[in-house]
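In what comes next, subunit A is part of two complexes: it sits with subunit B in the first one and with subunit C in the second one.
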Partner chain A sequence: MKEIEIENELRRVVRRLFLEKRIDIFIGFEDSLNGVRPCFIKSVDEVDRLVWNKFCKNNLALYLLRFDCRVGIVAKGCDEGAIIELIKENQISRENLYIIGIPCNGIYSEDNKIYSVCKTCTRRNPLIADIIIGELVDEKDMTFDDLKEIEDMPIKDRFRFWIREFENCILCYACRNICPLCYCNECYLDRRDLIDLRERNLSDKIFFHLSRAIHLAGRCIECGECERACPMNIKLGKLFRKISKEVWELFEYKPGIGIEDKNPLITFDPKRDEEL
Partner chain B sequence: MERKIKKEEIGKFLRRLSEKYEVIIPTEFNDSFEFRVINRNKNEIADGIEKFSNSKIPPKKFLIPESEIAFEFSEIDGNAIIKEINIDKRERIIFGIRPCDVNAILLLDIVKKEKPKDLSYFKRRERTLLFSLECNTLCKNSFCTSLGTGPFIESGADLRFTDIGDYYLVKALTDNGEKFLNFPEFENADKKDKILRDKMVKNIDTKIIGHEEISEKLEEIDEEYWDSIATRCIECYICTLLCPTCYCFNVFDTLSVFGNSGHRIIFQDSCMSRDFSRLAGGENPRRERRERLRNRIYHKLKYFVDRYGRLGCTGCGRCVSLCPVGIDMREFIFE
Partner chain C sequence: MREDIRIVGFLCNWCSYAGADLAGVSRLEYPANLRIIRVMCSSRVDPIFVLKAFKEGADGVLVAGCRLGECHYIEGNFYTRRRFSMLKRILEYVGIEKERLRVEWISSSEGERFRSIIEEMTSEIKKLGKLNLDKYEGN
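== the complex of A and B ==
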């Protein structure tokens, strides 16, 4: 199916959902002066605003927590992964959700380059969608080869590499705020009585990123939103993939796949964890 | 006075300047450009400047650092001792600053001059010279042509550079700028060169919208529209931290572990933060995301006009290009 056919089919399905009164709001993408952006469709008359193409970069699962009604959503593999994690963590309920899954061959930036996290994505096809539009695509084998370049650096260079990356950080909090899994109402990074980042020096910036990385271990679904949102092009995708690699090697666990899967970092299995 | 300089000579000119001044130029960095202090040991100075459109971090960072120590304090034998922090006295030149950012600094001047005058800002500002580089092409997402803040400039900078092919046409806009035109790298400009610039100016469509008109239209926006935009907003600080005219700050003290010394820090704050308008006791007049977003837009397009008679936005387009969820300043101005 071509992109335009998928788009037409998407509009048709959403129109039906509204007419059958199965959803109150639909989260999708619309066109704007500056490319594709998320939009919220409230009635059947607005459905024609919906678009679908390879530039639909945002992870829409982020917005699910903002609605307390029956929501429809269009989901790529990574969006669906985030939805699964949110369901597992009791943040949203599956019953109130209608998922339109679209198999994904990677998302492209405005200058037509594929995003780096998409190159290593192993979660291209919908798994829990109510309806799938478009043909399923081939999944790639899991690989962490893209990390080799950084991993192979001598420790001093690697340290310098990350310091240089974090030096550019302006602490705009976009990476935290756009992350669909950073949903805490009160984030410890905002709690000045616990950690005060207002001085904005290098150690604050390093602390910010490394502690976020630890908090997302075993939860990050590698959608790459943090890296895309970052105005300073910090290689956050590589940082979070490294965390995912560690989790995979220790537990053979990948988040965002099975709704019944248990996150190994919040469960204790005496047999498995003895050697740890 | 108008003169011109060969493009190949720019590096030499800047190196000569850097003997006496701290020279800041756009430097290629991570697929884009950032303003950085010249590294005199490097051979290629200002190479690739032809590709420069604008930096992500506005040059205001040299006047308003992301955080700075205001003073140090300590207590010795019951007496409070305050030690001021000296700001480097060396004069600075920002070369390549775009007209929109020059206009932004002029706005900051107005705001910072209000009582109480921001002394540390003016200590930096007074020793900063602006060598503006006019734009031959418009940046993506910029709308300076509608606000009258670019792509050309007639006043505000000290020197004005215009790309006219093999040369930059250079005009001094202040007395301070005038003296640099005697540098040996410059040649006399003739009529032909001026015509080249005039042609460029004519070719770019400028249609300035009155700021009264913009701020009046803003009031017509209904609640529902604000709601729909606020639902999309992720309340990060990109639009405020990278805005060339945003100047909000906050102040806090840090104490040493012994509690008898410390320093006071001024840091750039963002009105998109939940804590920004929170009062002692926990009350918050702008509790909702919608209210904070509206405040940001109103501040730029209305409060500035009411108070200073000009817009608080220079149309550089940074907030538009860098917003991860496509919130677009142009919609508030044009629609």
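== the complex of A and C ==
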């Protein structure tokens, strides 16, 4: 199916959802001056605003927490992954949600380059969608070879590498705010006794990033939103992919797949943990 | 500029703190680099506590609980083990040596073992040198 056919079909399905009064709001994408942006459709007359193409990069799951009504949403693999995590963490309920899944071959930046997380993505097809538009795509084999370059550095070089990255952080919090799984009402990182925004010390920045890393362990679904949102181009993808790798290697667990799966960090298994 | 390395130890009330206490009453000598914080269970130690300790100038952190299977809260330390094996790997990836974070299971009767762990950890971290996350001079 071509992009334009998917877009037409999407509009048709959403129109029907409104006419049948099955949803109160629909979260999708619309055109904007420099590409596309998320939009919230509230009635059948607005449905033609919806677009679908390879630039629809935002993870729409972020917006689900705002609504307390019946929501429809269009989801790529990573959006659906985030939705699954949010359901698992009791933040949203599956019953109030209508998911239109679209198999994904990767999303592109405005200058037409595929995002790096999409090159290694192994979660392209819908798993819990109510309806699927478009043909399923081939899933790739899991690989973490892209991390080798950093992993193989001597430890001192690695430290230098990450310090150089973190040093540039301006603590704008865009990465936290855009992350669909950083939804805590009270976040550690807002405590000004822990992160002093007048000083913006290097140690505060390191603390900020490592705290997020451990909090996202077993939850991050590698959507890449944090890296895309960062105005300083910090290589957050390389940090969060490493977390995924460790969670996979230690616990053979991948978040965003099964609604019944349990985050390995909130459980344990005395036998298998012996090697830890 | 402080000279000596500092180690922050989170010890659980029921076993490892009692172990440290035993080392004390048995007059076992161990390096004075350790600052002890008593917690009710090793699983009370949020990884954030450890990161905060590093941020505020600790050169090493010890998290100690009861022996596995002997936790006062039955299974607390099993969670501790998973959590900190994860944190250790994250630290290593960003270039903070994993020896700086140590997780140990020490019972209340192991005063001597407590002493030797502290001694070993102190000398290991002295070899690594200080961890100053605020003044990185790029060496």
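In the analysis below, the second predicted complex is superposed on the first by the 268 of 276 C-alpha atoms of A that agree within 3 Å, B and C clash if a C-alpha of one lies under 4 Å from a C-alpha of the other, contacts with A are read in each partner's own complex, and residues count from 1 in each chain.
In the analysis below, a contact is a pair of C-beta atoms (placed from the backbone, for glycine too) under 8 Å apart; a residue touches a chain by one contact, two chains touch by 3 or more.
For clarity, every value in this text was computed on a predicted model and none was experimentally measured.
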### Message
Looking at A:144, would you say it contacts subunit B, subunit C, both, or neither? Reply first, second, both or neither.
### Response
neither
### Task
Report for A:248: first if it touches subunit B alone, second if subunit C alone, otherwise both or neither.
neither
### Message
Once chain A of both complexes is superposed, is A:265 in touch with subunit B (first), subunit C (second), both, or neither?
### Response
second
### Task
May I ask you to decide whether A:158 touches subunit B, subunit C, both, or neither, giving the answer as first, second, both or neither?
second
### Task
Applying the touch criterion given at the start, work out whether A:177 contacts subunit B, subunit C, both or neither, answering first, second, both or neither.
first
### Query
Between subunit B (first) and subunit C (second), which, if any, makes contact with A:201: first, second, both or neither?
both
### Message
Looking at A:233, would you say it contacts subunit B, subunit C, both, or neither? Reply first, second, both or neither.
### Response
first
### Query
Do subunit B and subunit C land on any of the same subunit A residues, and which?
201
### subunit A to subunit B touching residues, read off their complex
32-40, 58, 62-63, 66, 168, 170-174, 176-178, 190, 196, 198-201, 225, 228-229, 231-233
### Message
For the complex, give me every residue of subunit B touching subunit A.
### Response
30-32, 56-57, 66-67, 141, 228, 231-232, 234-238, 241-242, 250, 252, 254, 265, 267-268, 274-275, 320-326, 328, 330-331
### Query
Can you name the residues of subunit A that touch subunit C in the complex?
150-151, 155-163, 167, 188, 194, 201-204, 206-207, 209-211, 213-214, 217, 239, 242-243, 246-247, 250-251, 264-266, 268, 270, 273, 276
### Query
Touching subunit A in the complex: which residues of subunit C?
47-48, 51-52, 54-56, 68-69, 75, 78-79, 81-83, 85-87, 89-97, 133-136, 138
